[in-house]
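First subunit A sits with subunit B, and in the next complex the same chain sits with subunit C.
Right after this comes the complex of A and B.
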């Protein structure tokens, strides 16, 4: 990684810091800081970007001391996941593993153990990487992003949150407060698989999340499929979902879902793989992920 | 720790290995630099300084983190554990002893990070499988070789800590 501002010590440049204790205080701080203000959660992306000159915030608004953003609540209504909850706290939570196994696996794939001590799902989403591991899972679970700003609170579906590489719907002065995910219905389960050339510490070549609901006879009533790292943002693949719905997740249905994923993927050629290779991996991972979700869903009926 | 924007030198207090430290630091001083330069605890090593190598691993309120990707000010008030806190009196921590006995050090530069990560692993999983060891240490393995010695040290430490 090139260090663009190597030579001058970025840590000693003038910068301000604030650690608000409430959402309202954070909104005020961001308003006062103008365009040089940025929110800081785990910092595992932002500090690297600041060091390499990719971003140059002059006011860091630390979101790790706001109780609402540090809360992980699971109730009969579903999950409220504060934007600053560290990854380690999420995947060590037994209810998370039981209710949202796919999302929890995705969280466990973010960086190393040490990164997971600070990194957050909110940051994974807001950083806007097309390869972010948690985003396909957020899409298939129909997550809603609750955003705060000087105009008040607004809610945006996760599927509309990321608008391009590094780009989100967040307007200046806005920040993510929490992610809301409905409680899984009876017979529903999710799964996430990603492919990387090594076993740990890498960025997805392709990621595939599947959420589906099986009735008591094993027939698929509802399904959602999302892919990461094959387009400028993570994408929902409706063709793959409809191939699964109404089936018993037999080989033919899985293959149709895989083909739909192959067709929907719009990947680029890069050092992690060619576009054609990524399309094929997208097909394979979609099928494996659907099989895994189905196995879990059967266990819940 | 502030509810108003601050700039310039700030008094930052942390507890490191049970001792209280307060020092002045810029808002963007990294926790790794704060520990080394302000607290004088140079056991925490700074390798890549971009969150990749794991040499700077410390524990903040129990969770292992990369101190080179953490501003000191953002963990003000926290309890921090560094490699200096592992040995008690003149007795090495079982993980340290196992690294010594099983030749898990190589040049030793990245060892402080390994030691804290292994301590964290064995607290969570007292008898890890080789797969679990490799996964937990994936944020520390870098580009040297000699990992078999480290694997042997972790297995040995796990045994020591159970008896």
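Right after this comes the complex of A and C.
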């Protein structure tokens, strides 16, 4: 790569940019760029971070020209969502809305119209923010992350993908190709709610995703609950899920789920809210989200 | 006041600068690039309070592509003594704020600057500058600043006005007391007395366009500056003071401006770029980042205010007493005086006492922000009034009506009020459907009033008649709120030609007479007066030219609807002459025609507003949503009603943001935690309902069209109006801003 040849003063030069046309080309490019290379999807996190000096990539490898990463396929097996598909394309897709309403809402929440033309679910996940809006939904939908690198492809569950604030399982030179989500079973639906003090252009103080499956009698057969922004990564809350399973999603069950969310949340005090406040809101949003998911699931039985 | 029917004033033409702005063609501060231009960057203190022991720039200077590195040593000594203070500005402090000397007084304080061939090299050079600090304890709150063992920001500071004057240094720059009557006597005759304390946090104006400047040094020591500012003459004067130059050695051109709200009424990077340009011999551009805007440009004061008001059972105020503490930031000069002068001014009272303290803390020096000092003061007074109304079982508007100042009443700060429409705004609120509309569960409604003085001051205008009959209206005031089109409308009315035949321009400091900056809601009033005078000057000349053409006396020529009309028996002999005809023949009748006026405008006329706010509170999350909002204001006369409504809406929205979510959040070391729009939570468009406006027009007799200032008054009522609405929805009185969700939830628990 040209970077290696610029001599000692290359840091003084402006950063470089390439846009590979295939996964293989991207793998090559990243290898050449070494530790100073970073992949670029929408850039709505990365460019902001570069501007404020938080990151300083010397080579940007753009992932928006790779057909595999720009594909959104829905089949009987489920969803294959390319890592670089822009948010706008996702939430304007009627099948997405019908099959994964919660995830689609989460995508719709990201940024503003301008941001949504660029921002991606891949970027949202790989950025590693504990507050990323799509991640709780990916957890409750049991998404699988398909990763490419010089050693070939590997698959990692979304629940294991993020390892800490800004940290993921990605090794140097690896990148996310797509996210796979199974087709929803009969009587299943999801929902996502986040709390922000404003109505948009804000970062979740708490996010809560719920996925439920109801049987024909309205009894909850399966459930999954995930919270964002209340721990170093988004977390699955088993206790909340088990409070819902076997219930008819009556108020008592919802309250138990809320309490479990309150207990599971381990937020910090920061500029976006106090710890106690976040735990309270985690409980409230878990209940509201479960109510929404249940309503949708009832409509599907 | 003439009752003549107006043809152009009061209409809503598209603004002259509108199309360029919509198409992205307007040039803002950062848009100018000059051949050979360098990029400047400023090294900022990482400490809120520290002595600067040494600065070593050698490594930065040695870098390829770095053409100049400067520190405080490259500036003349900060001005002191005669001529170093003018109104609220102390140029010695300003010089130290522009570039730190002995001490860094806030995180973000400028310590050094570089100019390099690229921004990246400039950034690398900043990192190569070595600064040794002796870190001191930061003073981040009023409480800490006033504590007896508080660290001192300025060793030479003594509390001016404190009796007796303390011997040692303090963080109180000034104590001021005003009032009349005997408050003890007043309170003793009251039936109900309410005394409360209120706090507000540091908030920023939040203009979209960061500060940007390009400076060029010319061989004879002169400098040319292009920047976004609220006053090109202000930049000229302040740079001349900070750099010890004659004002006329500096030419300043104002770019289009993406908001100011008072924040662009002082200089920051402008003198720095001049020094860098001088040292490097190249033009230098400095563009602040959003973070720099937050950490290093003037927000407005955090405040602590105590208000006590006594009333009779019928609501009549018997006495009022207030103590105001305002943070000035790192240097003296908070708007506490304006807070004091506005705090009780909407209401008539015989006994009043107001005490104010200007207090320094380790935060950026405050700058003007829309009605500086008044919103916090209104938050306190109106809060007490609202509580009094409920204790008396009175409608809150009625309580105001009982006490509202009228023409001839003495304001709590001294002068007598001239005619104004405060009571009209209260009546308009009572009669507005919004005031009576039903509310749902968890909803509440609040009203509050606000007062602002408005300013007059110095303005100049040239009206140039061109050979095609079109006119150019030249003023020296950057257009931050649609003022260009308002200037054109008044000129159109005088000349009698359509507004699209008039081109209003904002000129540089060498192309128009001195004009004070755009601020104090003064431009449509004061500069408008100059434009009207200059246009009348043109009309006088047009009548003379017609008289000459017709060989009649000028007294026999009248100006009517854009035409010179022969009078007094000459009407039948001469067809009226249009502006275009007279302009076309000007060469033959004596040469080009232009008018000019320069004036110091008096009598801006007080601004009063009353706002109604409805909110809904989510009691599980503490979130407050504004459902409906109506702003009613006496504007004198709306020259361009859309821009008047825009000001009323904009002021209301900024006030709502201040009330609900905006606040500077510092850590214990004095580092700002939220220097971005992501975490400094200004409202976004979708947070707001359409802000309904009601324009009340009680003409200001001192202005030819009745204008009074409009832009600042509307930010005064929202802080209390929101708080009162939340009170009605929740039963809780919020006396500390912001009324953010965690605070609401915590208060609901108690």
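One rule holds for everything that comes next: the second predicted complex is superposed on the first by the 288 of 301 C-alpha atoms of A that agree within 3 Å, B and C clash if a C-alpha of one lies under 4 Å from a C-alpha of the other, contacts with A are read in each partner's own complex, and residues count from 1 in each chain.
FYI, a residue touches a chain if its C-beta (ideal position, glycine included) is under 8 Å from a C-beta of that chain, and two chains touch if they have at least 3 such contacts.
Please read these numbers as outputs of a predicted model, since none were measured by experiment.
Within the superposed three-chain model, A:273 lies in touch with subunit C and out of touch with subunit B [touch as defined at top]. In the overlay built on the shared chain, the residue A:100 is in contact with neither subunit B nor subunit C. Of the two partner chains placed by the overlay, only subunit B lies in contact with A:44; subunit C stays clear of it. Touching more residues of subunit A than its counterpart among subunit B and subunit C is B.
Using the contact criterion defined above for the overlaid structures, shared-chain residue A:25 touches subunit B, although it does not reach subunit C.
Judged by the touch definition given at the top, the superposed model places A:113 against subunit B, while subunit C stays out of reach. In the superposition on chain A, A:200 makes contact with both subunit B and subunit C. Applying the stated touch rule to the two superposed structures, the overlap between the subunit B and subunit C interfaces on subunit A comprises residues 11-14, 51-52, 199-201. Residues of subunit A that touch subunit B in their complex: 1, 10-21, 25, 29, 32-33, 40, 43-44, 47-48, 50-52, 59-60, 62, 64-65, 86, 88, 111-115, 117-118, 199-201. Those residues of subunit C whose C-beta lies close enough to touch subunit A in the complex are 63-65, 118, 120-121, 123-124, 289, 291, 620-623, 660-661, 665, 673-674, 676-679, 681, 683-684, 686-687, 740-742, 745-746. The touching residues of subunit B, counted against subunit A in their complex, run 1-7, 10, 26-30, 33, 49-51, 54, 57, 60, 63-66, 68-71, 73-74, 117, 120, 134-136, 138-140. Of all residues in subunit A, those touching subunit C in their complex are 9, 11-14, 51-53, 195, 197-203, 205, 270-274, 277, 280-281, 284.
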